[in-house]
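Residue numbering begins at 1 within each chain, and the chains themselves are lettered A, B and C in the order written.
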Amino acid sequence: MAFSLGVFFWLMAIITVAIFLGRVWWMPELASVHGAAIDQQLILTLAIAGIAFFLAQLGLGYLIWRYRGRGEGRADYWHENPKMEVGWTVATAVVFLGLAIQGNRIWTQYVLAAPPADALTVEVTGQQFAWNVRYAGPDGRFGRTDPRLIRDADANFLGLDPKDPAGNDDIMTQNIMAVPVNRPVRVLLKTKDVTHSFFVPQFRVKQDAVPGLAITTHFTATKTGEYEIACAELCGMQHYKMRGRLLVMTDAEYQAWLKQRASL
Amino acid sequence: MRETRGAIFATALVLAMAAGCGGSRDTAKAPAEETAGAPEGAVWKPAGDEGTVTGKVSFKGTAPKYRAISMDADTVCAAKHKSPVHPETVVVNGNGSLRNVFVYVKSGLEGKNFAVPDQPVELDQEGCIYKPHVLGMQARQNIKVVTSDDTTHNIHPLPKVNREWNVSQPPGADPIIRSFTRPEATIPVKCNQHPWMRAYIHVVSHPFYAVTGEDGTFKLEGLPPGDYEIEAVHEEYGASTQKVSLAAKGTASADFSFSPTQARRPSSLITLPALVLGCCGDR
Amino acid sequence: MAAHATVIEAPKGFVRKYIFSTDHKVIGIQYLFLAMFSVLVGMTLSVFMRLRLAWPAEKWPALQQLFPEGFAGGPMTPEFYLSMMTMHGTIMVFFVLTTAPLSAFGNYFLPIQIGARDMAFPVLNMLSFWVTLAALLVMMAALFATGGAPIAGWTAYAPLSAIGEVAGPGLGLGQTLWVISIAIFCVASLLTSLNFLATTINLRARGMSLMRMPLTVWAWFTTAILALLAFPVLLAGGILLLLDRVGGTSFFIPGGLVVSDQLIPHQGGSPLLWQHLFWFFGHPEVYIAILPGMGITSHILSTFARKPVFAYKAMVGAIFAIGFISYVVWGHHMFMSGMSPFSSMAFSITTLAVGVPSAIKTFNWLATLWGGKIRFTTPMLFALGFVSLFVTGGITGLLLAQPAIDIFLHDTYFVVAHFHLIMGVAAIFGIFAGIYYWFPKMFGRMMREGPGKVHFWLTLVGVYAIFMPMHFLGIAGAPRRYAELTEFQYLKPLESLQLFITVAAFLTIAGQFIFLFNFFVSLFRGKRAGVNPWESTSLEWIIPSPPPHDNFGETEPVVHHGPYEYSPPGEPKDYIMQTEPARQTA
């Protein structure tokens, strides 16, 4: 029993670490600027956690095998070892605190840094179960909206007020968002109904859309291509199907795309 | 002694709660069972002297313009349409008549019981559009919801009188068969997955209803002679009624006209009392 | 040596003895059976979840017969999946992980281990159980409610949980019953924790100083403090949510919401308020589930390693530190919620700080084994499994505690793996260890070791096979609470993992029937247990198995030793009972 249990803990630890090291399953390929620092911190922490996990399981397996109750004689009799205790307490505290400080640094660098003034602003409004995407259009201003004017059946998903001329050139889509590559994008995140969460795995972007609040998040895409927007906060029966497509284009393609959408 | 009483009280509490839940479930089951049988009382049978009411719903003015639906929100939906799709809220026919108006006998049939048809009415979902857009049916008659799309829909009627339901229907799923137990004018139906999808179900207590089509006309056949109030309901422009007298084997006509100047339908607010009642009862 | 005490007469009559009993032991067993019933329900619900995750489009005609609503159209509907998920989480967290380790074992053994005849307030104790049962019945009603069981998750985030059926199926009557049940449960837990605290403080036997209490007692005591302060907050939150649902108030519902085209006539509320209230309870709740398991593990490791617990004082300190810090970490559930990014930083530091005492406990467990002479009984195996799972589940907290990393991992399967390992499975291992360890005392018979060991192996291998792959799902970015992963391109490669997990789950669940079989057969046919079959030192092992109604009879125990005097040199036996008189030389 001692042997097999010890071996199990060893094997389990080795297989787990091997799968992580081999990146059999891994994060989707990074495609944003700020994501690099996040990935770095994630990998650093994962490595520290992995080493601790590996050593603890190995140690546990070893102790089980080494001190299986064999032969005569009694177990050792001791109660404590203050030096050792202080040692590992301080060591753990230092490592954990170090991670906290480094993690918070990356957090502030991303979250507290406002996107530049020339960033493209896109309004994204969640609803059960779709992402409404709105661009301000040539005038650079979003038209006024009023929840009382919302009529999904008339394709007025945001309650755009026809009396406000600023809204006439607004470009609206559902579940499709296009952004130019290498340009900072500010996402103005809202929701019509319940809490949703705007999650773009490749961009390392996630932010809840909270009813009653307008929250901004931002990113700069580094690679053209098609990405996916997932909802990461339970929003109802078809939460799993709340999928948006995020198209990252060259600037020329993006301008053409806007023109094409405006003509609809 | 006091402890015993406490214990009895506790048991009573538990039993009362258990009974409470059991009870609520029973009441919920009841309407479903009712749907199988015919309504109480003698069932009306045609006497041979029935007549017909016909008419046309015309539209005056200019129809509102809507933004195109962003069908590519779901690529499956987009694949089924070649040209941009616009909302069906106001559809004016070539001959100036209004489509999708529900016309039915509002009053004049009191005291009569009509057999519930065995055949269900059908609501299809095709290209992420409900077909038909406006649907009439009798109370307790079955509605069969089918899907022709390769994407998951959910069917979410929002009644005020009947019980609300909301169920997902993945591609290839069997039809969903339900019914509404009580007559109710205008139950909006929504798909939350494709928010633009919208149908209206009108539940009436008799078979005398029609929906205007491509020529804007309607015909209510097999109606026993008598005085009636005929109502035409449009999702955007509301309701309009007319009185007609129908002689034995006769015909009567009732023409309606809608225009954009008419008041918009009231916004569908959940009122506070409805919310309060909604919590605890079987609506 | 022993002081005389008034004799407590045993109640007569079946009802007073076994049903409406005020005996803490009977109540403990009632709680245990309540938890066993609940865990069976919760497990069954997880079977449904696993079915859909592995085969989302499959039609199940037999199940369709049973649940025409849930399988409308053939395959399991996503809303049925969500209702299974919600009820699984709720039932497991409240009616299993809170009741079994704290209310069941604590009720039975806390008084005995401190040398008391009963809880401080026996009638209150009985009432707590019946109120808990009432909560369970209401929760079962929610499971079968008209319109379906709630789908808002065990966290019931407002406004999804607050605005009624318009937001989704099961959010009508089902959600209302859910809130009512939770509120009732809060009251029951409040009563229980009061009782535990009063008992520990006032009813200790002579010589049972605080620092001679077994670590189990320390764990229950600290857990009771947590419960005393956490559940009232959830109770308040629950009442407010109920009022939002049925009273037309707007605590959690802001203005201008349009749900399914319906303008919701509320304004002024804050969805974040619910999250704060919920997690102010919710994070201590994690420790309410796991602390008793830690106590039981410490106790059992020492017993079967035949060695004193390493660093008893540090263990007590760590339990208290965890308990205290657990009150200031709740915001780590809300890094992505739109809360101020500055508070995220503070919560990140406190969260990593709570890892320090957790790490201390792990080191101390390993050091307890060091130099021991391990007896591999079934309870010991589960305690060793607890240590392994606690490490595996806890260590990923290092990642989730950092908001920057949480941007990617928040609400993915990584979190599901983390909390299942640490507060689900580790806690369950603590419960199993406790059952195997105390079964002889509770029922006077031994559980069979053979099936016990088979059960252990199936469960250990099984849970690792289930929850380790969830880390991979998480690192690949798979969001939790998805009824299927097929809708997203980037999730397509993960379907094989879901299938693997489902198979592992079914095997693990099958293994639990060995336990049930062993439990019930041993109940009637097990070998008679002596007073102290494990050669343990704490007070429950000086009285008959099962103990008489008044535990210690006419004499009151007097305590002379700490609880973990194993293998002391120069003693005839390799353990000293806590009540053994101190020898002159010692």
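The rule we apply is simple: a residue touches a chain if its C-beta (ideal position, glycine included) is under 8 Å from a C-beta of that chain, and two chains touch if they have at least 3 such contacts.
Remember, it's a predicted structure, so these values are computed and weren't measured experimentally.
Chain C has its Cα centroid nearest to the centroid of all protein Cα atoms in the structure. Across A-B and B-C, it is B-C that has more C-beta pairs touching. Inter-chain centre distance (chain A to chain C, centres taken as mean C-alpha positions): 29 Å.
Between chain A and chain B, the centres computed from C-alpha atoms are 43 Å apart.
Centre-to-centre separation between chain B and chain C, using Cα means, comes to 48 Å.
Residue positions of chain B with contacts to 2 or more other chains are 152, 166, 168, 188, 190, 192, 267. Those residues of chain A in touch with two or more other chains are numbered 127-128, 148, 151-153, 236-238, 241. Residues of chain C in contact with at least two other chains: 77-79, 168-169, 260-261, 263. For chain A in complex with chain B, the touching residues are 127-130, 148, 151-157, 172-176, 236-238, 241, 264. Within the complex formed with chain C, the chain B residues making contact are 3-4, 6-7, 10-11, 13-14, 17-18, 20-21, 24-25, 28, 152, 156, 158, 163-170, 172-176, 188, 190, 192, 267-272, 275-276, 278-280, 282. Looking at the complex, you find that chain C touches chain A at residues 77-79, 82, 151-153, 157, 159-160, 163, 167-169, 253-261, 263, 269-272, 305-314, 336-338, 341, 344-345, 348-349, 352-353, 355-356, 359-360, 362-364, 366-367, 369-376, 381, 384, 387-388, 391-392, 395-396, 398-399, 401-405, 407-412, 453, 460-461, 464, 468, 471-473, 475-477, 479, 481-485, 487-490, 493-494, 497, 566-569, 574. Residues 16, 19-20, 22, 57, 69, 72-75, 77-79, 123, 126-127, 130-131, 133-134, 137-138, 140-141, 144-147, 164-166, 168-169, 172-173, 176-177, 245-248, 260-265 of chain C are the ones touching chain B in the complex.
Against chain A, the residues of chain B that register as touching in their complex are 66-70, 72-74, 84, 86-89, 152, 154, 166, 168, 188, 190, 192-198, 235, 267.
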